[in-house]
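Note that chain A is present in both complexes that follow, paired respectively with chain B and with chain C.
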Partner chain A sequence: MNIGVPRGLLYSKYHVFAETFLEEIGAKIVVSPATNKLILDEGVRYCVDDACLPMKVFHGHVSWLKDRCDAMLVPRFIGIKEKEYICPMFCGSIEMVSNNIPQLPCLIDTPICSTQNYKLSQWAKKTGSVLTKDENKIMAALDKALQRHGNSKTGFNDEGYPLKIGLIGHAYNIYDKFINMDLKKKLNGLGIGIITSEYINGADIADEAGKLFKKPFWTFAQEYYGAAVCIIKTKKADGIIYLSSFSCGIDSVVIELIKSETGDFPFMVLKLDEHTGEAGFDTRIEAFADMLKRRCGIGHNLS
Partner chain B sequence: MEKNYYLGVDVGSVSTNLVLMDEDYMVCEKLYLKTSGHPVETLKNGLMRMAGRFGSSVKIRATGATGSGRQLAGMLIDADVIKNEITAHAVAASSIEPNVRTIIEIGGQDSKIIFLKEGIVYDFAMNTVCAAGTGSFLDRQASRLDIPIEEFGRYALKAQNPVRIAGRCAVFAESDMIHKQQTGHCSEDIIAGLCEALVRNYLNNLAKGKNIEEPIMFQGGVAANVGIVAAFEKILNKKIIIPRYYDVMGAYGAAILAKEEIERSGKETCFFGFESINDNFDVKSIECKDCSNMCEVIKISSNGELKACWGDRCGKWGALPGKVSIRN
Partner chain C sequence: MVITFPNMGNVALAMQTLCQSLKIPYVLPGRNNKATLQIGSYYSPEEICLPFKLVLGNFIQSIEKGADTLLITGSCGPCRFGEYCELLMKILSKLGYNNLDFIVADLSSEIGIKEFMRRMSRISAASPISRSDKIKALYTAFKVVELCDKIDAMAYHLAGYETNKGECKQVLNEYKTKAFECKNPEEMMRLLDFYKKYFENISTNNNKDPLKISIIGEIFTIIEPFSNFYIEEKLMDYGVSTRRTLSPSWWVKNLILKPIKMDSKDINRAAGEYMPYAVGGHGRECVGEAVLAKGYGMDGAIQIYPLGCMPEVIAKSILPAIQRDKDFPIMTLIVDEVAGEAGYITRVEAFLDMLQSKKRHLKVQEPLVSRPVTVRCLGNHN
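Then we have the complex of A and B:
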């Protein structure tokens, strides 16, 4: 049985887990290709207009897969940590795709809540039952998937560049080279290395997020805020770029929280939307690079 | 002895500006032309006018390009330096007023705020995708009210009782203006209200939580609008300096950057003279169909010979033989 896995939203974070699990229970996996113009166009066509860009891109991936698989994995993500949540759009993503895109194959949309082991097992049993009745096989697959997931490492921590910036933002913005116009390549080309939140100590992140007057509901908000503040305080990088998609509610809060801690630390927000014109994007990146170079006294003196 | 000059061009969304600067950083000639959607023709026209006035009597030692059309402009004149507008504006402002702390720059589609400390940019902000409060919007409102844009600001100064206009969004601001006009408010009060709304919007968007310190310099085409200047002074309660060449500061900055670049590198300029403008430049846009990215690739050729390509994500077109590297 061919199971489609859309390369959108949390794919970059959890693909090792999902793919290992599906393979171990005997599925043949079809992953949609990296986002491209066709996928974006399809996504924009199907998705409601006021959704964020990553949600539109996700629609595009689902649409690409719909005629290429027998069933599709679109789990309903609820939470990763106890008493924390993720963006509410994820909760409704299944309704969005199933109502917006016609002629979809069977959707494997069992809710997934990885806050406790038994909840994860429930998810595995239900999802696995599509392919096998052998519960032992399913549990073994889950163990292997969790183990591989634990050993996998995402994120960037570039060395050997004269300057370094913390690149903060949702994984689906940072790792989608199409929608972020290959920001990493652009920054590297300007002599700037990148460090992402995965390379900041998790305990330090939690520590900083814990100092807020109220703990944010959202797991990712805590992670990005905490990582940004760690970078500012420890000077792990020369500046921070926050990559945000237009109309993201979580970002709108996190950005303001980070701004209250930046002081004199270079901080810039880059907004992503459907526009593919790179001029405005490049201007901001180049100006930010110039600013860092001058502030750090690198390169020729221009002024 | 033959004098050395530096040429700076700033190809923006609304205007294309050229500055000819001498060794002593003096502006010898400036041109402010409407881009009118044809950057290549406008730039050629500008160069032609420069050539007509100075001809071969001047020696151009270096050239620089800036503005949203900097890659295109840089290609056409083989610029020695291609820089973003933020850096160009900051360099220009601090060469006129070395102590400048804040630069307000409002152009056709962009608005920016730049903060400097000891001549170095230490923070900046640019408007997001929204063009409310920029020159294009003012242009549009002026033509809707049938008032020449040059006169627009002066109307604001004559206002007795500025009305309140919602400045957050250009579309809403326009309907708000129409409502006010239909209820009988005079144009002067509406225009003054609009100026204040735009300034409020600018400060909320770009300068929220930032300390705007003096000296403050106001650059870009909108600085010509005395109504906006007055609104800034009123709301900030601080003095705004308008530099003499406020409308071509980007081009001036590009000329300064060009001078610094050539002095640093010790190289000869790549500029091939005003004559080259007679070359037959051809700009073509194609959609590459080699992969699913379907990039919109720009191909520039001169006299039938391919000179540069950009717009591709994979770098295949950009790396074509004979292509001049123009990315920073």
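Then we have the complex of A and C:
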């Protein structure tokens, strides 16, 4: 049985887990290719116009997969920590996809609420029941998937560049080279290394987020806010770029919270949407790089 | 302590009554207007939703009038509304308003009953009246908002049946203006009772068969008329009868019943087929109401939400399916601080025209094309 896995949204964070699990229970996996123009166009065509760019891209991936698999894993992430959420869009992603795109194969849409072990095993049992009746096999697959997931490491921490910036933002913006126009390469080319929130100490992040009047109830908002504030306070990097997508509800709050802590620390917000022009994007990055260089006294060749 | 609160439809009237009976000094937020929106959107993050901009505008205007304690309700996700308090604190302190006191009424189930009581005791400590009177005051305030919602609902419904054109709208505005001038709870209750009776006895023509429209969507933008360009009043001008389930009193009741899972069961059951899991905000209610509306005898529904509202975007994806399955027209209107009123009205008029011809078509039971079509002018030419 071919099971489609769309390379969108949290794929970059959880693909090891999902792929291992599905493979172990005997599925053949079809993963959609890295985002390209065709996928983006398909996504924009099917998705409601008010949705954010990552959601549109996700629609594109699902649309690419729909004729190429027998069932599709469209995870419904409710939360990954107790009393915390990801984003309302994640709770309703299935409804969006299934109502916007016609002629979909069967969707595996059991909600994932990995706050407690038993909830995760419930998810595994339901998902696995599509392929196998053997519960032991499913549980073994889950254990293996969790173990591999624990060993996998995402994130960047470049060394050996004269400058370093913190690149903060949702995983689906940072790791999708097509929609962010390979920002990492651009920055590296300008002599700037990047560090992402995965390389900031988790305890420090939680500590900073805890200092707010109300700890944000979005897991990733906590991570990004905490990471940004840690970078500002410990001067782990020379500046921060926040990579956000247009009409992201979570970013609209997080960016404002970070801004109130920046002081005179260099901070820039890059917005992505399906119309983002590369030239304007480059100009902004170069200007930011120039500003950082002047600030840190590197390369006074401004003549 | 001078308390203030956001202006959100009839909530302001209830809060006014509450503060009056608790004998706490308060600043009443004026009716929302262009200036409120301008101030609010000037200082707000660019991409935050419209309700935040209005709330911020309200608060800045009230602080200028002398308020120093801001009361705001909270929630704990997943929609942005829960983060309002944090953002307001940061933005207002950046603007130099440093001596402000925030009272955030989060759900007691989220922050613990102890913390909830501690926060609420800051209000009650400022009130000189006895404990039993305080509970009575709370009850009266709820009664006021319930009555207001009831009167509003009657007015919006009867607008389609009234014999004297424009009477409902005129009386509705009259009572709203008078209510804001009330000096004490007794006066308010008398006034509301009077107008309730007035609407009960208003002269109507029950032979009329007006268009009936359900207003669904994000709660703030449908109960605060300024944010939706006074759509319900505009529909009254067109002789359309409207219905809206979401109201401040519904919200309070829903909140109380939520812990025992008795909250709006019919809506949730109806939504279940299309949206089995809650998505935050009132996305599920929106879907549920769209499903139920036809059963209430509605001809169509209008969904209203602020730009970028995450739960409503999901609901919007589902509405076409309901439209198809139930043969029930639904239109979506998105509001933000730059929405132009004229384009907005054109869309509403076009929708009404469409509903009207659909209705006529259904009545005659023969193809529309074979009859000479007389387009009823829906403009306000009386």
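The rule we apply is simple: the second predicted complex is superposed on the first by the 300 of 303 C-alpha atoms of A that agree within 3 Å, B and C clash if a C-alpha of one lies under 4 Å from a C-alpha of the other, contacts with A are read in each partner's own complex, and residues count from 1 in each chain.
Quick note on the criterion: a residue touches a chain if its C-beta (ideal position, glycine included) is under 8 Å from a C-beta of that chain, and two chains touch if they have at least 3 such contacts.
All of these numbers come straight from a predicted model, not from anything done at the bench.
The superposed arrangement places chain B and chain C next to each other on chain A without a clash. Once the two complexes are overlaid on the shared chain, A:Asn100 sits against chain C while remaining clear of chain B. When both complexes are overlaid on chain A, the residue A:Met291 reaches chain B alone and has no touch with chain C. By the document's definition of touching, neither partner reaches A:Cys113: not chain B, not chain C.
Of the two partner chains placed around the shared chain by superposition, chain C is the only one that A:Tyr85 touches, whereas chain B remains out of contact. Angle at chain A between chain B and chain C, computed from CA centres in the superposed arrangement: 80 degrees, to the nearest 10. Looking at the shared chain after the overlay, A:Val44 reaches neither chain B nor chain C.
In the superposition on chain A, A:Thr283 makes contact with chain B only, while chain C stays out of contact range. Superposing the two structures on chain A brings chain B to within 5 Å of chain C, judged by their nearest Cα atoms.
Once both structures are placed on chain A, chain A residues 246 are touched by chain B and, in the other complex, by chain C. Interface residues of chain B, counted against chain A in their complex, comprise 68-69, 83-87, 90-91, 94-95, 110, 119-124, 126, 128-129, 209, 257, 260-261, 264, 291-296, 311, 313, 327-328.
Touching chain A in their complex are the following residues of chain C: 45-49, 74, 76-80, 82-83, 85-87, 89-91, 94, 102, 104, 106, 110, 274-275, 277-281, 283, 307-311, 313-314, 316-318, 320-321, 334. Only residues 33, 36-39, 177-178, 181-182, 189-190, 246, 259, 264, 266, 271, 273, 275-276, 278-280, 282-284, 286-287, 290-291, 294-295, 300-303 of chain A touch chain B when the two sit together in their complex. Within the complex formed with chain C, the residues of chain A that make contact are 47-48, 50-51, 76, 78, 83-89, 91-92, 95-96, 99-100, 111, 212-214, 216-218, 246-253, 255-257, 260.
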